[in-house]
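Next come two complexes built around chain A: one with chain B, the other with chain C.
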Partner chain A sequence: MSLEQFKNRNVGTQEYRMLDLEPTPETGWGRFKRVVRRSVKLELFTGLKVTFREMIKALFMGEMHTTKYPFEKLPIAPRYRAIHEMKRLLESGHYRCIGCGLCEKICISDCIRMDTRYDENQRKEVSEYTINFGRCIFCGYCAEVCPELAIVHGGRYENASEQRASYALFEDMLTPLDQLAQQKEYPGFGAVSPDADEKIKKTPLAY
Partner chain B sequence: MSEVKKMSETVTLTIDGKTVTTRQGNTILQAARENGIYIPTMCYLSKVEPIGSCRMCVVEVEGVEGMILSCQEKAVEGAVIRTSGEDLFRERQNIMKLYDVNHPLECGVCDKSGECDLQNKTLEFAVDQQTFAAKDQHRPVKNWGFISYDPALCIMCEKCVRTCTEIIGDDALAIETGGYKSTIVNTRDLSDCAQCGECMAVCPVGALVSTDFKYTSNAWELEKIPASCTHCSAGCQLYYEVKHTSIDNTEPKIYRVTNEFEFSTLCGAGRFGYDFENREAKRDPEKLEAAVEAFRKAETIRFASTISNEEALLLRRIAEKTGAKLVCDEARGFQRFMRAYREASGRNLPTADLEWIRRSRVIVTLGTRLYDDAPMVKFAVATASRREKAQVVYCHPIEDSRLQNQVTQFVKYEAGSEEGVAALLAATLIDKAKAPLELDTLLNGLDIGYLSAESNVSEEELDRLKLTLWKRQRFTLIVGEDLYNHPHAENIARFLAAIENYSDFKLFIIPPASNTLGVSLICDLADEAKGYTVGVNTPGEFVLSALGDGDLDLPAMNQQEGTLVNYEGRVVPTHPALPYGGWELADIARELGLELEHVIDLTPQLPKEEGFRAVAFDDLPDYFDAVGGEHRGYLLERQERGEALRLPEEPEELESYDGTVLYRCNPGKQFSPFTAKTHQLKEEAFLLGSAQFAMAARLEDGDRIRFVQDGIEYERVFRIDTAMKGTVAVNPTFDRGLRSFAISSYRFSPVKIEKAGKADE
Partner chain C sequence: MDGYIIGTIIKAVLVLAIISALAGFGTYIERKVLAFMQRRLGPMHVGPYGLLQILADGIKLFTKEDFIPSGANRLIFMIAPAITAMTAFIALAAVPLLPEFTLFGVTVRPIIADINVGILFVLGMMAAGLYGPLLAGLAQNNKWGLLGAARTAVQFLSYEVVTGLSILAPIMIVGSLSLIDFNNYQAGGIGEWLIWKQPLAFVLFLIAGFAETNRTPFDLLEHEAEVVSGYATEYSGMRWGMFFIGEYANMITIGFLASLIFLGGFNPWGFIPGGLAIILKVSFFFFLMLWVRASWPHIRPDQLMWLCWKVLMPLAVINVTLTGLVMMF
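On to the complex of A and B.
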């Protein structure tokens, strides 16, 4: 890239042009005449035309541009990293978390903690799960390391709370059962790549 | 001729270009490990004979075609060995590919994840896909009490089976062969398996795991705290694995106990009985004041031998300051016995150690119910029986069917006649040519007929024992708790010392409780408690208790640091796994005017004349080296005096008991109220007797009975144990709280049993 245009400091030779403006009145009489002229010519309404047009569009044609936050919220980018969500399996509705503890291990601000136990079905069950959002730095490692895509980042970005350290429990983050149909896959770090199917090496079954 | 015979003690060979020297008879793998050269293995377990099922340890030897198994092949002088290379890597990678066939991809929930041999080696040899196919089998999870077995995760390395047969001697595990369908099976019903958990400890994958621990924590979250087990006198190495209790409770909690399983072993009590801590203790200045006051006016300080050496020394210092007498019921008889032994043998400690027992060809046990008293010694006997085909002669009034795998001759004698049996053993085992004239005269003058009639040990049995020794080497005599409180314990000790001095037998003495040996070396004990008594983990007018039921709390052994003396005379360190919120003995000592900051300040001050060294607690080593050398604490200095040895006297009239005789003995995994307190080992105490005993005592299975033994009143249920024989019943004490630490009587005692209804009423 040439640096020529930055080195040319002779601004006078650039493409400036003079605007065709009437001279500024210098006497009181001259100024009075200009006010009268502008008022009579209704120049003000030329400018207000755009405003009125947008107002009519917003009020009567349903094209309002204002978002009534916090009653309304704009959609956030899908890969934005906000408050975590715990996903469920689409078929059974059972939560996906298997209690492997990798999120707890990888968490660099040490804000995830879980209790696990041996349940009646001889499986590992997560009996308690918390994230301390007072400490969480929303780095996304937990979502990236999760082998089940069970913990992901959601779009809830308001973190204000009455308490200094605000904890979230497993149930708070879990997709409600009645909203299971609306559950979306997370596209961020750790998600399955679009060409995952081609990359899979299948176990031979020739016996 | 002599030149041919004279073989060098060491061999020198080259491994990966490095010249290494090792002991003659070591394998290539051992030579490599000694010198920090890495050879990957899957099935190799240092403490058992090489299994050779994995073939991972293959190496190449110059001039030898093919690959050599380094775990089995002995190192040869001048050999040039290569342990890595592309072909070896491919060979090992193929082995890993086979191990990984159909291995469930459930590392996420597997307890072993993070410390799994299979996981590590799969990553090391870069196996990222399955290239072989095999039809998967349905393999349901099995529950074996404390242990669960998941055959789907099992890689059939055989470590567990080998450990069970070679180290534990239970033969509970076996391989059910069937090619790809092979599994490990538990051949015993659960009561018959020692439930020691060793199989689970050696399992390289998550196939054998603790039922209680399962899925409660990942391996990497737990902090390992090196400690020594304090339940019996073995003082085994262990790690308390600690983590916060739960999300709501950040107090640390012990999740499990592990050990250096490559080289050392734990019994069920050590592995599963870990949460005996004194939790609720608080620092109340008024209570401390009361305790100090009690110590000031105490005429006797009575303590249990579940105590560290430092605290025992501290109690001695306190007693010297206040003029009180020290009483330790568990250790008093033992101390007298050991002093008599010392006087008679000229040694401060007996000569056999556990390694010697493992290599013995003939083992005689006297006066101990080995299986319950000292599991580690029993394991060593089992190893000798397996490896050396050792002849095991078990002398005891009660036959133990659990030892039938190992015992080759059972010598039953009458309860109370131990002195006579010791004399008969001396007459049988002592090499008359070696013995001094006086002893020879004494042995020749023994009234063998009377002794054998009264003790019920026939001369044929003794002849058979004598025959057993023929053409064999390496003999061990193991003696235990029955002898120490015998009315003639001192004379028994002299007979045993004579056997040790004038025969090829080495003696192994099992101390009766945790640190009884340490206490007997450090404190000068009085016979019985008199006057106002302060009880440290024992009953008294003022009681300090680690069980949390006394006038002042004390830390339990997993909450304090200090050293213990184990049965080999090794001073082993232990570290606190859990915090303790109350007062401890050091606080009382400070109030009484003794100058010390921590209890461990006393470690270098332990009595040198007894063999202790002036080493600070923090300088004590606590590890095993790469080839299993034990560097835990230090061994007490052995002192020997070759002359003026006191000889035994001829036994006087032997005692005998008529009527109902009970034997005081805690079963299997119970040693004291501390094991009984832990959540996994909680169990009800029963009086156990044979059907023959039941008939003689007119009892039925399930009878609720009342009796008094050793001054303690018992009310418990009688159960018939079909595996038992004979007319002596076994009475445990582990449910008696602190009173069980204050028993100093002979283990057999006649009692009067009163019936009080049935168990379910």
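On to the complex of A and C.
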């Protein structure tokens, strides 16, 4: 199954067909005629034909619908909002977070908590950063507000847990250094859209 | 005489063992076929292609608590499932399952009791099997069970007339009630099959057979969407399993009856030997029941009564009359 099918959200452009239903007969003679007509036309066998066709399709033409879930997974949409990821700068490998605190401020369920301090170069550095996934509602505001594209939503959606509160530390979500080469410039939630340059407008002075 | 008794006991044990194993296997087949028709995979995890799912279900049924609700009539509640299972197997006693064959120099007739009223016996036993759901529903002190029992009575009264009348015309033609006589009457190949002489009776018998085995277009007794589980609401564990085994054994019996009476029984069919031929026919009927379950919605009790009394019974009477007239002139 390809991703394109999932991304088609244009409801109404699919191939819907209206059934041409005849009006319900009101007299007894009309009902009798309908019963006889349906029996002679063997309408019941149409139903049998449909199910048999589906079985042949499923068995021999590879149109089985089942996904054996833990073993195979359906592709999720790129803008799906699952467990957060912390990104690194591609060149230096330093984490992108500048400790501005916007995500903590905007979080509507108060699940992000961060502490910062100045390091020896007088740069803000994150000393502590946790997200309580028991409270997080995955609204995506933190990823949206982040000016550095440092916190984004990843695709890890299997987060069943034994307890209600489940804290993730900064290091848990940070891209490991040895996997920096595989870190993709993130296209999903929180990323700037490809046509961002065209969308930029001058702020009108009247504001 | 001793040999006869021992042979009969061996045959009875074999039929009981094989048919109840087949009934268990039937649940697997049913789940698989229904799944394929809905483009699913069905049971896949226990054993290769889910084959050991039957075993898992068996273990589950045997180890489950045997629960009897307070206020239920304990004795009737406990024996009701046994009635369903027993009558289903007793009915098979008069059904010739395979053609005669020779084993270690002994000619074996794969029928437990070749009585000369075979059809009456089988149909009577299957009708008596309906006491299982009826008593179970009445005894369990549950309103859904009571509704299921009421529906059992309704269904029983409706289709039993059609079964008898539809099968009357073939009986008139053959002139015997023994299923072996029916089989021998159709010995001359496909052209001799009774379905060509009695197509209407075949259709009527098949419809009544679906009602007799509580299969889907007529599964009023335990339709989950309407009466939680009907007569089986309060049952759990192996008592519930006995209802199930009885139902599947009945499906196999109806398959045998339909192929013996209308489709040439165990006569050799072209190059196919007789034993294989009847197994193929019964398998087809079994598959047909699953196929119909996947395809058609089930009907309301009033529609069942309308169908049986106002449509099928007049048709059956007309069929009997016409057959009689043709035989007379």
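Heads up, the rule we're going with is that the second predicted complex is superposed on the first by the 117 of 207 C-alpha atoms of A that agree within 3 Å, B and C clash if a C-alpha of one lies under 4 Å from a C-alpha of the other, contacts with A are read in each partner's own complex, and residues count from 1 in each chain.
Following the convention adopted for this analysis, a contact is a pair of C-beta atoms (placed from the backbone, for glycine too) under 8 Å apart; a residue touches a chain by one contact, two chains touch by 3 or more.
These numbers come from a predicted model, not from an experiment.
Engineer: Name the contact category of A:64: first (chain B only), second (chain C only), both, or neither.
Structural biologist: Only chain C; A:64 stays clear of chain B.
Engineer: Once chain A of both complexes is superposed, is A:203 in touch with chain B (first), chain C (second), both, or neither?
Structural biologist: In the superposition, A:203 contacts chain B only.
Engineer: Classify the contacts of A:54 with the two partner chains as first (chain B alone), second (chain C alone), both, or neither.
Structural biologist: The second partner, chain C, only.
Engineer: Between chain B (first) and chain C (second), which, if any, makes contact with A:100: first, second, both or neither?
Structural biologist: first
Engineer: Once chain A of both complexes is superposed, is A:44 in touch with chain B (first), chain C (second), both, or neither?
Structural biologist: second
Engineer: Specify the partner with more touching residues on chain A, choosing between chain B and chain C.
Structural biologist: More residues of chain A are touched by B.
Engineer: Touch check for A:122: first (chain B), second (chain C), both, or neither?
Structural biologist: A:122: touches chain B, not chain C.
Engineer: If you lay the two complexes on top of each other, which residues of chain A touch chain B in one and chain C in the other?
Structural biologist: On chain A, the chain B and chain C contacts do not overlap at all.
Engineer: Within their complex, state which residues of chain B touch chain A.
Structural biologist: Of all residues in chain B, those touching chain A are 107-109, 113, 129-135, 141, 211, 214-218, 220-221, 246-248.
Engineer: Given the complex with chain A, which residues does chain C contribute to the contact?
Structural biologist: Residues 33, 36-41, 44, 291-292, 294-296, 311 of chain C touch chain A in their complex.
Engineer: How about chain A: which of its residues touch chain C in the complex?
Structural biologist: Contact set of chain A toward chain C: 35, 44, 47-48, 50-52, 54-55, 57-59, 63-66, 68.
Engineer: In their complex, what parts of chain A are in touch with chain B?
Structural biologist: Its residues touching chain B are 98-102, 104-105, 113-118, 122-125, 128, 130, 147-148, 201, 203-207.
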